[in-house]
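Look for subunit A in each of the two complexes below; its partner is subunit B in the first and subunit C in the second.
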Partner chain A sequence: MALFGSLFCRLILGLVIAFLFMPILIVLTVSFSSSAVFAFPPPGFSLRWYASLGNADSMLQAVWLSTQIAALSTAISLVLGTLCAIAITRGMIPGAKAVATFMASPLMLPGLVLGIAFLQAARDFGLRDTYTTLLIAHVVITMPFIMRTVLASLSLFDFAMVDAARMLGRSYPAALWTVLVPNILPGFVSGGLFAFIASFDNYPVSIFLVDVRTKTLPIQLLNQVEMSPDPTVAAISALLILGTIVALIVCDRLVGLKRMASI
Partner chain B sequence: MTLARDDLAVPPTPVSRWQFDAKALIAAPGLVFMALAFAVPVLMLVGDSFVDSQGLSLAGYRKVLGDPYYIGIIGNSLQLACITTAVCLAVGYPAAWALARIKGVWQVVLFALIFLPLTVSVVVKTFGLTIMMRRDGIINFLLVNLGFIERPMRLVFTEFSLYFGMVNVFLPFMILPLYSVMRMLDPRLMDASASLGAGPLHTFLRVTLPLTMPGVIAGGTLVFSISVAAYVTPGLLVGDRFMTMSQVMAKAYLNIRDFQLGASMAVIMLVISAALILASSYLVRSPGGEKH
Partner chain C sequence: MSQHATATPPATETHQEPSYLAVSNVTKRFGAATVLDTLSLSVGRAEFVSLLGPSGCGKTTLLRLIAGLLAPDQGAIEVGGRDLTRVAAHKRNIGVVFQNYALFPHLTVAENIAYGLRAKGVPKAEQARKVENALGLVRMEAFADRAVTALSGGQQQRIAVARAVVVEPSLLLLDEPFSALDRKLRETMQIELRHILRNLGITSIFVTHDQDEALVMSDRIAVMNEGRIEHLGTPSEVYARPKSLYTMEFVGQSSRITGVVKGSSESLVEIDTPFGMIRAPGHFLTGSKVVVGVRPEAIAAGEGPAGEYNTVRGTVAEVIYFGSRTLLHFQTAQEGDRLHVELNRLPDTVEPGSAMTLRWRVDDSRVFPAPTEAAR
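Take a look at the complex of A and B:
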């Protein structure tokens, strides 16, 4: 009976993994299809949709914009979030637990609600520049990922090492930079990766902030899927999937995937 | 990524001994930024829901809560989240169990396979799902070739495709928290229960389920809260045939420009999410679901 139960659970696990990968594999297959319609099975294979990416200007612009916003917002969150996390861990500010919860709370709110809040606030404050508005919003989106991982890393860090560096003549900022930063690098890498992905994939917040000429990739992709879905969309999606896998492998080499996921 | 759990690593502060330290200023840039860019906009949104062109008013809420159409939409969102969560739990529980019981390198590999789809953009996955659901897509291809149906049927824009897609996108969020709890469980407890004469069902109900309850609550809260607010997946898979709160909010701001309607709907969604988080943290602390 127990054996039957465990076989049953394993069967479900296998089916679940097949189920989860189905849409991803379909997108990959379609991107190599020789036909412009999405028939299954595809009539033949070709690389024409990858070749046509070179002409998809609006798509490439969107990729570039999303990369910039994700990289900049992750970097800003890393700096602001780490400084805040140090103060929280060291008990320098009162109500550390409440402050930590506040800094990590944007993750708990529905994305659309955040997006609407940013849209209204940008209007009320007269902030007209789409790029700046997007960047500010994405710092808020990425902050919780940095806070969670950096707080976890700092809780394992021995601050006596910073004091030692200071006694040996380093200033406080220099001591943090040369002693603390290398020690919690794995936290930066995993938090930074998740923050980057969260920003790069964000749809519900960005949809309220973009304009006709400044569109992030998820918005541009969805537009294309709704208006004129063709395998070009699949080709760019396939490249995105490939990019994600490469990033995961690189980070796995640096810090270990299990560790990233459990934090 | 057990996101909904209250597990931020913060050591207790000795509040009584706290005194101002110039080094505490390093927290200021981050805190000021989040106060201005996050707290103020959200509070302003809540404020906006109580204001119309004439001044203070509850017209937005009266419109939403007094109209059967909008009540039905709130019902749709809750139904969508309930069914998605229930299916994810029913499928995810045995899958997480198998994952936690498999040993060695296979566990790492299978874990990575559950985790990887989470890092693929929701827009890309939903696009893949719409291709699968086509009349000449793989679902119909399988159904016809396995002999379940005579000829391909229309799947896209049906509730079947909606739930299929929702479970596909959100299932890992159920499996990962369940797995992190089940991994810690001592399998000898189940053997002990069996050797004391309990049948498999009795063991499951009295030993396994209570011990894995924190994972069920964490995964359930997470899946419910993200699926009640889902926008991309329902929008592409059923569109206007199954209106949700997210759809109404987006339309209110982007199309019909009825800001008070949108703000009221947003605040109602905010209340639902907050209630859910409070309820789950209460459940995790109360007996029967205590943390270990």
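Take a look at the complex of A and C:
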């Protein structure tokens, strides 16, 4: 009986893993397909969809825009979020807990609601520039990820170290930079990674803020699928998967995935 | 009754040199709470002064004010003639050994010690030499390349001391540095640290709530209570001639007998207590309610010559055996009173309920005004 139970558990585990990996495997396979339509299994092997990426200007523009927005919003959130997290952890502000919850709240709101709210707000403030609007919205989207990991890291950080650094001749900002930052680096990296991904593949908020010339990658991809559903999108997806793997390896080398996962 | 601490020590004390660290009339409030109340303290060069008091007495706040990690609401802080009141912490050149050492876990032992030298822009070669000297000072040469997280508590403390003194600070502040160590190690480290600091000739302020630590280590002790200094004096002054009941009770064991002054002659007062008439040096008006304090080891068994000694009879309530000595608690008639006697050798027949005659020198009695009900 015990043997059966153990076998059953392993079987379920195997099925769940297969279930999770199947879509990725299918996308990877289709990206090497010789067929001009999404067909699985593919009739033959070719690299034509990767080659065609070179001509897909609007797609490449979208990749570039999404990368910029994701990188900039993550960077801004890292700086602002860390400073906010310090104020919250050190009890420098009244209602620190409420502020912490508020900063993390975009994660709990449906993206559609946020998107409509940003659209309305941008209009009311007379903000016409799509790029700036997107960037501001994405700072709000990425903030919760940074707040969560940085707050967790700071709760384990002994602020006497910052005092010690100051007494040894470093100004407060320099003390934060040389002592706090290296010690909560795993929190930065894992928070930053999640934030980047959350921004990079955000659809529901961005859809309200883009215009014809400024489209983020998820929106461009969906357009493409609607208009000409050829395996170019699969090739793009395959490259994104590759990019994610590279990012994870880099993070692992930098701080170790175990340390990141523990935050 | 607690009098304000005075900036200059009383004439009976030997520290008359111009003060090196001068804290004058410093007040610090947190919201409605006054944590330090017009406090003054002066410390001579190369002196080791302890701030001793229970938690919440303001000792750590005073330390952080001197360090510059907090700013006073009023008053001034001077070190070596330089007014530091408005100087930023990182420009004060004051070393601090923190309670949990606050070593930097992302740096090695040597890098931790070099941190302050780097911050000050000391050339690389000189850094290496100074780090090596500092490691030698605390006998940790073999640990230069270790991770600080791999060190024991005692070793971490040595590194924290080395890191603080390597930059040659004008003043060293120590915030309960022994509280994380077990008792045995604590005693060894106390003596060793005292030795190191004395050799360096560095002026040190040491915060502790542990009276034994303060007595062992200090040149002078500032006993603190509710944001004020109750008594500033050498360990033996503070222990043997406490200026206030608070100091008497906070530092060491003591007996406490409440009574009423019946008469006085020259410099002696006669006090009517449940144990009979007790005489003590002091000046009080007849009729004042007072408390007599005596150290337990000042009391001996048996009668003494009437002129020099107070003699009382008491009934043993409890016998507490420590091996080298025995503590006897006697029955008392009034609430809050206690009569504790420490004897090295115990008469064979003593047990709870035995009656004993006790004596102590009139000179060993201290008299303080009885605290008002509100103050207790």
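The definition used in the following text is that the second predicted complex is superposed on the first by the 255 of 263 C-alpha atoms of A that agree within 3 Å, B and C clash if a C-alpha of one lies under 4 Å from a C-alpha of the other, contacts with A are read in each partner's own complex, and residues count from 1 in each chain.
What we mean here is this: a contact is a pair of C-beta atoms (placed from the backbone, for glycine too) under 8 Å apart; a residue touches a chain by one contact, two chains touch by 3 or more.
Everything numeric here is computed off the predicted structure, so don't read it as measured data.
In the superposed model, A:Phe45 lies in contact with neither subunit B nor subunit C.
For subunit A, the partner with contacts to more residues, out of subunit B and subunit C, is B.
In the superposition on chain A, contact of A:Ala234 is made with subunit B only, not with subunit C. Legend: residue contacts after superposition of the two complexes on their common chain; A:Leu13 is shown touching subunit B, with no touch to subunit C. Shared-chain residue A:Ala164: touches subunit C; no touch with subunit B. With both structures placed on the common chain, the touch criterion links A:Gly111 to subunit B but leaves subunit C unconnected. In the superposition on chain A, A:Ile245 makes contact with subunit B only, not with subunit C.
Contacts of A:Trp177 after superposition on the shared chain: neither subunit B nor subunit C is touched. With the contact threshold set out at the top, residues 172 of subunit A are in contact with subunit B in one structure and with subunit C in the other. Remark: subunit C residues 67, 69, 88-96, 98-100, 102-106, 115-116, 119-120, 163-164, 167 touch subunit A in the complex. Residues 1-2, 5-6, 8-10, 12-13, 16-17, 19-27, 30, 37-41, 80-81, 83-84, 86-97, 99-114, 116-121, 124, 136-137, 139-140, 143, 147-148, 151-152, 154-155, 172, 194, 197, 200-201, 203-204, 207-208, 218, 221-222, 225-226, 229, 233-234, 237, 240-241, 244-245, 248, 257-258, 261-262 of subunit A are the ones that touch subunit B when the two sit in their complex. Of all the residues in subunit B, the ones that touch subunit A in their complex are 1, 3-4, 8-15, 18, 21, 23-24, 26-27, 29-31, 33-34, 37-42, 44-45, 48, 91-92, 94-95, 97-99, 101-102, 108, 110-117, 119-132, 134, 136-138, 141, 168, 171-172, 175-176, 180, 190, 194, 200, 225, 228-229, 231-232, 236, 246, 249-250, 253-254, 259, 262-263, 266, 269-270, 273, 277. Residues of subunit A that touch subunit C in their complex: 158, 160-161, 163-172, 174-175, 178-179, 182-183.
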